[in-house]
Every structure is written in structure tokens, then in C-alpha cells.
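Shared between the two complexes below is subunit A, which pairs with subunit B and subunit C, respectively.
Entry: the complex of A and B
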């Protein structure tokens, strides 16, 4: 136990660990604060929109089709329309009943407004846009036929055999999930409108992607640092000459693995509270993520977030955190597997990076008539790349409910086999 | 000179060359496909490029407003031709008595709910039918392109109103003045927006990342190896050993330059022989005042060719500057993990900086001299640090 604790101390006192952790924390907080400050353009502010939707939810509740909601929302809408009118009069000295004329004029003068005035405009615009969004919320769902889209994709890519059947099966499952969303009331729950608030895209697509990448990077460096520590400092002959010394690798692995798992915990412990302190979700924790309002721009089209099972915002957040930790465990295991084969950390790291790039590209190079692209797409690197669509509608090869169980079983097994041979090689090697 | 060559050999180790080749291959495969291969219905068939090339040959790089309108109209017609052919084959359109994309678009101008619904249904039918045709992807792209071209025609027809809006949409007085000045020109550019934006932006970003990765992979481990081997105290006992750090700075800088030039040469070879060779006729066209409503206005009067060269120079300078930063940092790294821990955030910062710079390079939406200032800072600051290190090396006690 003492040796194990000494190894842990060695990691936590390493300048690179503390330095990188500080840099990553600073970067993540920068991401959160820059999103909150509405840096992208002067015409919209996601933070104001999120907080406004949340406060509307507090007054109206979250069941969009209830008469109570409609009544209460009409009151909120009316007060913001009046506010916009008085603001327009205050800024231009004119009167108007046409909302689009007022908004066009006010947005045209946005550079001359004070921070307080801009915020007033953002709040009014959010509520006014919400009215349109709520009215047209079924556009993406009802116009999408996943079965037909699946067939089109099969035709476009000239797929046949296993892959075509696979896509057909998953498209049918997705279509039945959409039916379920329509019938179980998920589609009538309020959510942060995607094209206005971009909460899902930012939180899961940008912030979590950064967190998973940073954790993986630091986890890999910790693993390589500790596994090759004796070789790096030329003390291997001394350390491994005793019977206890030969068992050092077990302690080193344990300490590095636990530290590796601590990295995402430390990062998330700081970054997520900062995010949720700025973006208030308090009234929408229990609404479904698969809401027709949760539709964001992706490439040239709008794509809805459709999870495979009903999940609330809170459940989805916990599930994402869980998957992030599980992926971190796989990244650390793979790093150990590489580190036991390469004594030179620079070479080991470069090989790890090149392998990860190669593994991401393998699925599209394999014959589509076989199950290979589907199996190889279940890898931790592609999963990281696809962060933001976890457990939800995504690319055809990634869109199936058992994607993550397959990934963890497959890559856990691969890492275990490589580690077994690596450790055996280490035990038999002449040091 | 002999020591300089030896140092260069150390940097260009075959293992690192292999690693750089692998990284370059992966980045080309993932992000540069359009630069190397043209699909049967790809970039070279883009109506903007096809029509634009004809017009550049006919009128030269600059035209009057009427000719620019002709360009936009022709582009719209080119995009409409295959779409109309498809429409004529669809039963739903025949029963709705719609024979062309223009007639379908006319439904929108009625401002009637029933017509809007009809338009939406027909649009979906057309899009799905285009997708399932053999040239699916390209035809769907044409549908989007048709709408863009239509708004460009509209833009040129109501030019003065749009200019007012465009002037209002820029943040500073100086920028407003520049936009008004560009928009008031009698002669206008024939450069399509496609070579300037879209794909070429993606290539620029990817090449920038390749340059950065190349420089860092070569220079990163260079001094760490020496720090680990403990030869410094022996080397510094002689006079030439004392001067070796200066040679190492020169070798690292030379290696960075050579490696980047090779990467840029490979890129240019693909650019000038691959599908993007069709951009060449536009190299003499001005980059400001395009017919596209969404196009940027730039602070400087420059041609597409000059802009292309500036982009290359800026990414070269930034990657060089970050190479020097890594060189200076590697002086203090006693092991590879420390080096990698420095390299990762510095590399990411470099990539982010490049992406940010190229996002709106020279645009009036940015402060006027920001790109030049950033480049100067990124090159001169690490160069100064290297010179300070060199001075320190000459004056400090090595064995302490």
C-alpha cells in the first residue's frame, strides 16, 4: 500500500500533471465564459436565451399543449411585446405595431446600445421567437421519415447485404421511437430551443468533447510517465532486481489508472458547476431531451436529438458523464498497453496518436457488404469524435442502441489481451 | 557548417520522418479528399466555376454591374437546367401543373398558406427524388445552389438597398467607409465565392494544422534527447561546444523552414493538378465586391492570387513561430513527457489561432492590422526568447 501511495504522490507532484490540469481548466472555463458572454455575434446571446426560457418555464410549467401553459405563456408574451414597443419608442421616438419592423430597426442599431439595453432586446426577442418555435415545433419530426431516409442512404451509397439490413433495421427502430415520442407526451415538453439556445450542441458537443479529449490526453501521459518512470530515470536495474520490485508494475498501473480516472472528475467538478451557474436549467431538469425543440443546425440541415429511450435532461447528463468515465478507463488501458511495449515515451505517444487517427478512419475503408464497418466503428476514438450524439440519432454506422456496450466489451477485451502479452513480455525480458 | 549539418541530421531522424508522413497521410485522407480527387459530379462541374471561367475569358477579371448580373443569372440558369429536367419527370409536379423550378418558386411569392404548404410538399418530393438519382449528392447541392444564385440575382437587382444594410451590419465607422467605397466601384469582380470560401477554407485550416504538426514533431524532441543524454557538460568544455546552442537555434529554424516548404510544395502540387486547378483563371480577380450577398469585404485591394499567397505566408510564419516556442520550451524539458505536456496545449493553441485567423482573414469585420500584428508577435516573441537563452547560455556557469 505504501508503494502505491508513493506512486500516487509521484503523479500528483509531477509538474506536467499540475501544469496541464491548470491549462485545461483555464481553457474549459474560457469556453464556458465565452459562450455565456455571447461572443459569437451581437444579435444573439445564448445565456440570456437559456435563462429566459428557464424563467418562462417557471411561470408556465413545461407541458406545452396544456391550456394552463397557453394561458400563462400568452401573458408572458404580451408583457414582452409591450416591453418591446416601449423600448422601440424609447430608442427611435417612433411607434409601431409591426414586430419585424421594430426588431429590424433595433437590431440595426445594436452597436449603439448599452449592455443593459442589449439584454432587454435579447430577452424580448427570445420570448417572441419562442412563440414561433412552439407553433412550428413539429416541422422536423413530422417531415422526417427515417425508413425512407434509410432507403435513400442505402441507394446513394449502393449498400447491400449486412450493412443495408442493418440500416433498415435501425431506421425502423428510429421511426418507432419517433412514434413513441409522439404518443408518450415527450414532444409536448418544453426544452431550450436548439437554434436559439444551442445548449445541447455546446454542452455535449463542445464542452464534453473538450473534457473527454483533455482527460484522455492527461490520462495517457500519466500512464506513460509512471509505467516508464524507472526506465526514464535509469533506475530500472535497481528497482526491478528485487522480488518486490518486479511487482512494481502492478502498483504503477493501479496508481496511474486511478489518477487517470480522477482527471475527468477534477475537470468536471470545476467546469460543470461553472456552466450550470451561468446557464440556469433549474426548471427543465425533468423534461425529455428528445423534444422537437431540441433541434440544432448540423452541416446544411437541422437535425433533432432523438435518444433511444426516454431520457430526462438530468438522466442524459449523468449518462454522458458515465460514458465519459468509461471511455477514460479504455483510453488509460490502451495507454498502458502501448507503454509496456515502448520504453521511449515520445515514440509511444506518437504511435498512440497515429493509431487513434488510423482507427477513426478504418470503418470507411472497409467493405460495406460485411459487418466490419459497424464493428470497427464501435471504438473509443470514433465515440469521442461523435460526442454530442451519444445514445441518440447519429451517423448510420453509429446509430444503434447497443453501440456503447459493444464498444466497451470489444475494446476492454482488446486492451486486456494487449496488456496480458505486454506484461508477459516485461516479466520475461532481460532487464 | 559540419556541426550544423550534424544537428540537422539529428532533427530529421527517419523515425520522426515516418511519423510526419503518417500524420500527413491521415490528415490528407480525412480532410483533403476534395483537393486530390474529384467525384464524377464534383467541384469542376460547379456552375459558378464553369460560368465564371467562361466569363473571365470573355470579359477579363473585372466587369460592370450589368455583366455581373448576367453572371449571376447564368449561374442560376445553369443550376436550374438539371432541376427542371427532373421536375418534368415527376408525376406530382405534372398534376400540380408545375413545369419548372421557377414556377415552383413563384408559389412562395403568393404569401398564401395553401401555396406555402404546396411549395413545402413539392420541395420535399423534389429533394427526395434528387437524392435517389444516380448523381444524387450533386443535384441536391444544385437545389441549394439555385436558391443562393436566386438571392444573388435579387441582390444585384436591389443593389442599393442591400448596400445600405451591408454598411449598417459592420461594426466600426472605418469599416463602414471601406464597405461603401468597395460597393461604389463601377468595376466589379468576377470571382465566384466558391474558391474563396467553403472548401478552400477547409484546406487552408488543414494545411495550417499539417505545418504546425510537422514543425512540432521535428523540433519537439530535439533538445530533450540532449538534455537526457547528459553530454552538455562535456561539450561545453571546448570553445566550439560553447557555441553549439547558436548552431542549434539555426538548425531548428532551418529544419522548420525546409519541412514546411516541402509540405507546402506537396499541397501546391495537388492544388495545381487536382480538381482545384479550375480556380486558376480567377487568380487575377479582386476578392472584394463579389456578386454573392454573403461575401465579405476586405480591408485591402488584392487579387485572389495575392490573397492565396498571403494565406500561405501567414500560416508559414505562425507555424514557424510556434516551432520556435517549442524549441525554447524543449531547452527546459528533462524528459519526453514534460515535452509532450508542453507540446499538447501549445499545439492546440496554435491550431486554434490559425483557425481563428483564417476564419475572417483581412475582413472588415475584424480590426484592420490584426493579422500582421499577430504574426509579428508570434514570430518575434519566441525569437527574442531564443536570443535571450543564447545570451544566458554564454554567460551562465554550466557545471553549477
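Entry: the complex of A and C
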């Protein structure tokens, strides 16, 4: 236990650990704050939009199709329309009923507006845009035919056998999931409109991608630092001939693994509360993430979010956090495996980096005439790259419901085997 | 009692040690052999850092590799080369190693202070080790080896880098410590061994050449070591034809100490002298 605590202390006192942790935290907070203050252009402010949609939801509830919602939304809409009109009158001295005329004229004025005036304009336009978005939300799902897309893909790639079946099966499953979304009411749930708010794309596609990357980097560095500590300091002859002997590696692994998992916990504990303090989700936690409003045409792509089963916003967040921790565990295990094999941090780290980049690049280079692209794509590095589309529609090789179970079984097994042989070799290695 | 039984160690195709058989009881054993003879290799096998290719090492009849912690807690080891954590003080360094050795924290604290005193580092015990000289680091290493109060102490060239005063201090420390214990120390500095070791083990051609006490080793050379003076002009040809141990220039004469089997061709002025360990070393490891 004392040896274990010694190792923990070493990690927490290591300059690289504290330094990188501070840099990463600063960077993530910068991401969050710039998203929050970010005016993608002078006409949009996604933080105000998010908070506006959330407060509308407080009034209206989240069932778009209910008469209650329609009635209450009409009231909200009306008040914002009137507000815009009076604002328009105040700014230009003119009267108009035409929304686009008002906005066109105000646009020219926006640089002379005070912050308060701008905010008033953002809030009004958010609600007015919502009306439009709510009415046109069906297009997203009703116009897609995944089965047909799948067949086209199969035809273009000249797929046969396993691959053709794989694509066919998954596009059929997607199509029936889309049908489910249409029928079980998910289609009628209010969510932050993707184009206006960019919540999903930012939170998962950018913020979580950064968090997972930073955690992995730090976790891997910690693991290598501590497992090879004695070798890098030339103290191996002392440490491994002591009573503790080579079992020291067990303490080192334990300490590094626990601190490795602590890293995402620390980062998330600061960054996520900061994000949700600025972007208020309070009334939309229980809507489905597969709502057709959750479509972004920029950022991570044109994909709607279609999860394999119905998941609420909160469930999706927790699932993402869970997967992030599980991935972190795999990254740390692999780092341990590399560290015991190479016993040198510089070599080990470079090999790890090359390996991870290689593994990301392999799947798309393998011929579709074999099942290899699918199997190789189930790896933690590709999963990281695919952050934002987890548990949902994504690239063909990643789009099947059991992607994560397959990934964790496969890579858990790979890590276990490599570690088993690495440890066995280490036990009988000449030091 | 430590028994090395038919131990062979190969590195790839290179054989470092071949069929070594040795017994270490109580007392100080001096491992005396030239560079590259395999002293470090043998010691690393004794402290379980290396594994014999063949044969086994027993401690009180039990194979050391199967004993695990119960064996390693008996040993103290000073490696020939070792690193340290640059920003640690000797005290912090010893504390960590004490934890690895499984010492109780309080007892370790007392022992660390005592040992640092004994190796003459009491006044720098809280200074960072990166500011230490080579000899100071070596003394921290010696303290570290003694930390667990080991029954078996293995010291690989413990006096390397120590000045004469520190060497003397070290010899006293070892004599004091070695009562009822096994101390194995390697060196190629003959004078270190002469004064402390009860037994001398010599390795030659990857095998044990001899395992005996100092006086019988020197006795082995009895009547084989001579001294004589030769005129300076004949000195070089004398050196070519004799096994010279040492050569000293005096006025007009060169004084030789040399070894020779039998009296054949012995210069008439040569006088037999009492052989010492250095003579033995040079005689045994002469280049034929």
C-alpha cells in the first residue's frame, strides 16, 4: 500500500502531469467559453439560442404535436413577433409585417446596436426561426431511404457475401429505426435546432473529442512514465532486487491506471459543469436525441443523430461519458502493454503514436471484399475519431448496433493477451 | 548458506559463466577477477536480476527463485552502476527503497539516519542528490544496501570512486557488519580484499579458478616470487624473459619483482620474497 501511494505521489508531482492537465483544462474551457461568446456571425449567437429554446420549452413543454404545445407556442411566438415589430419601429421608425423585410433592414443596423439590443434581436429571431424549423422537421427522416442508399453503396462498391449482407442488414435496421422514430413520437420532440444551436456537434464532436484525446494522451504518458520509472532513472537493479521485486510493476500499473481514469474525471468535472452552466439544458434532458431537430449541416457533417435505440439527451450524455471512460481504460491498458515490452518511454511513446495513427488509417485501406474493414474499424482510435456519432448512424463500417460491445470485447482481449505475455516475459527477463 | 549449483549463464551465444559451483557461508567473500570475467553477472544472478541459463542457486537448500519475497528480504545489493532520482535527497531516496524493502516506516527512519551517519553523509542528508559527487552517491548506495539489515550482502565494486579515507571507513563498516552474515564483494582492487575478506573466489575462463582463504592462496605462490636488481641496460631484455609483477627504477639499476616456477634460469642475485595477493592476481591472470 505504501509503495502504491509512493507511485501515486510520483504521478501527481510529475511536472508533465500538472502542466498538461492545466494546459488541457485551459484549452477546454477556452473552447467552451468561445462557443458561448462565439458569434458565428452577427446574426447568430448559439448560447442565446440554446437558452432561448430551453426557456421556450419551459413554457410549452416538449411535445411539438400536442395541442397544448401549439397553443402555448403560438402565444410565445406572437409576443416575440410583436417585440420584433416594436424593436423594428424603434430602430428604423418604420412599420412592417414582413419578417424578411424587417430582418434585412435591421441587418444593416446591427453594428450600431448595443449588446442588449443585439440580444433582443437574437432572442426574437430564435423564436421566429423555431416556427419555421418545427414545421419543416419531417424532411430529415421522411426523405431518407437507408435501404436504397445501402443498395446503391453495395452496387457501387461491388460488394458480395458478408459485406453485402452486412450493409443490407444495417441499412434495414436503420430504416426500421427511422420508422420507429416517426411512430413513437421521437419525431415530435423539441430539441435544440442543430443549425441554430450546434449543441450536439459542439458537445460531442468537438468537446468530447478533445476530452477523450487529452485524457488518452495524459493517461498514456502517465502509464509509461510510471511503469518505466526505474528503468529511466537507472534504479531498476535496486528496485527489482528489493523485497517487493518485480511485483512493483503491479503497484505501478495500479497507480497509473487509477490516475489514468482520474484524468477524464478531473477534466469532465470542470469542463462539463462549465458548459452546462452556460448552455442551459434543464428542460430538454428528457427528449430524444434522435429528434429530427438535432441535425447539423455544418461541423461534423450532414448526419442526423439516429441512435440505435431511443435515448434521451441525458442518457446519451451518460452513455458518452461511460464510453469515454471505457476507451480511456483501453488506452491505458495498451500503454501498459507497450511500456512493459519496450521499457523505454521515448521508444514506447513513438511506437504508441505510430500504432494509433496506423490503426486509424488501416480500415479504410483494406478491401471491402473482406470483412476486415469492419473488424479493424472496431478499434478505440477510430472510435475516438468518430466521436459525436457514437451509438448512432455513422460511416458504413461503424454503423451497427453492437459496435461498442464488439470494440471493447476485441480490444479488451487484445490488451489482455499482450499484457499477459508482456508480464510473463518481464517476470523472467534479465534486467 | 547460499549455494550456487552448476550455474551457467549465456547471453545469446556468448557464455559469460560456465558451470559455476560455489558455497557462501558466514563471512566476507572477495570475488576477484579481471574486467569482463563475470563478477557482475554472478552477483546479479544471486540477487535475482538475472536468471541462470542452467543450474540453480539455493538459499538454505531452497531454490531462490521459488522463495520470492522471503529470499529477497534477506539480501542487500549494491549494483556496480545505479541511478537515483535527481531531485530526491538521500533521505527520501532511502525512504522509498525502504518501502520497497518492506521496512516498517518508523524503524526505517531511525535506521536511515544511523546509516547516513555511518557513511559520513549525515550533514547532507536533506540535500538533493543531483548535487552529489560520484563518491557521495556511491556511499548512499552502500547505505541503501545495508538498509534492510540483510543476512546476505552483495556489493559490486563497493569502493569504486571512494577516496582512501572513505575506503578505510568502508572496510571498518563491513568488518563490523559482517559478523554472522554473508558478505560477497567484488573488486579488482586487490588491497580492498586483502584486509577484509576471509575467503577469495577467483574466476578465470568463465569458471571458478579458486575458492580459498587469503593465506593459502598466497601460500600457493610460496617460493615462486622473487626480487632482484638488474643493470638498467639489461632491464628490457629481463622484462621480456620473465613474468614481471612490478618494476621500479633506481639509480643505475632497475628493481624487479617477478614470479617464476622453479629455480631454472633464476638470476643469481634474486632473492625469494613473501608473496602477496597482488602477486597471485597478476600471476594467475598473466597473458600466456
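In this section, the second predicted complex is superposed on the first by the 424 of 431 C-alpha atoms of A that agree within 3 Å, B and C clash if a C-alpha of one lies under 4 Å from a C-alpha of the other, contacts with A are read in each partner's own complex, and residues count from 1 in each chain.
Note that a residue touches a chain if its C-beta (ideal position, glycine included) is under 8 Å from a C-beta of that chain, and two chains touch if they have at least 3 such contacts.
Being a predicted model, the structure only gives us computed values, none of them experimental.
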Side-by-side fit of subunit B and subunit C on subunit A, or clash: fit
Touching partner for A:75 - first (subunit B), second (subunit C), both, neither: neither
Which superposed partner A:235 touches (first subunit B, second subunit C, both, neither): second
Partner, of subunit C and subunit B, that touches more residues belonging to subunit A: B
Which of subunit B and subunit C A:101 touches, first, second, both or neither: neither
Which of subunit B and subunit C A:6 touches, first, second, both or neither: second
Contacts of A:428 with subunit B and subunit C, given as first, second, both or neither: second
Arrangement angle, subunit B at one end, subunit C at the other, subunit A at the vertex (C-alpha, nearest 10°): 90
Smallest separation of CA atoms, subunit C relative to subunit B, angstrom: 7
Where subunit A meets both subunit C and subunit B, residue numbers: none
Complex contact set, residues of subunit A against subunit B: 14-16, 19-20, 23-24, 27, 42, 108, 111, 143, 148, 152, 155-156, 217, 221, 224-225, 232, 300, 344-347, 349-350, 353-354, 357-358, 360-361
Subunit C residues within the subunit A interface of the complex: 11, 44, 47-51, 68-69, 72-73, 75, 77, 79, 81-85, 96-97, 99-102, 105, 144, 148
Residue ranges of subunit B in contact with subunit A within the complex: 15, 19, 22-23, 26, 29-30, 124, 128, 131-132, 136-137, 144, 168, 171, 217, 220-221, 224, 335-341, 344-345, 348
Subunit C-touching residues of subunit A, taken from the complex the two chains share: 2-3, 6, 233-235, 237-245, 247-248, 428, 430-431
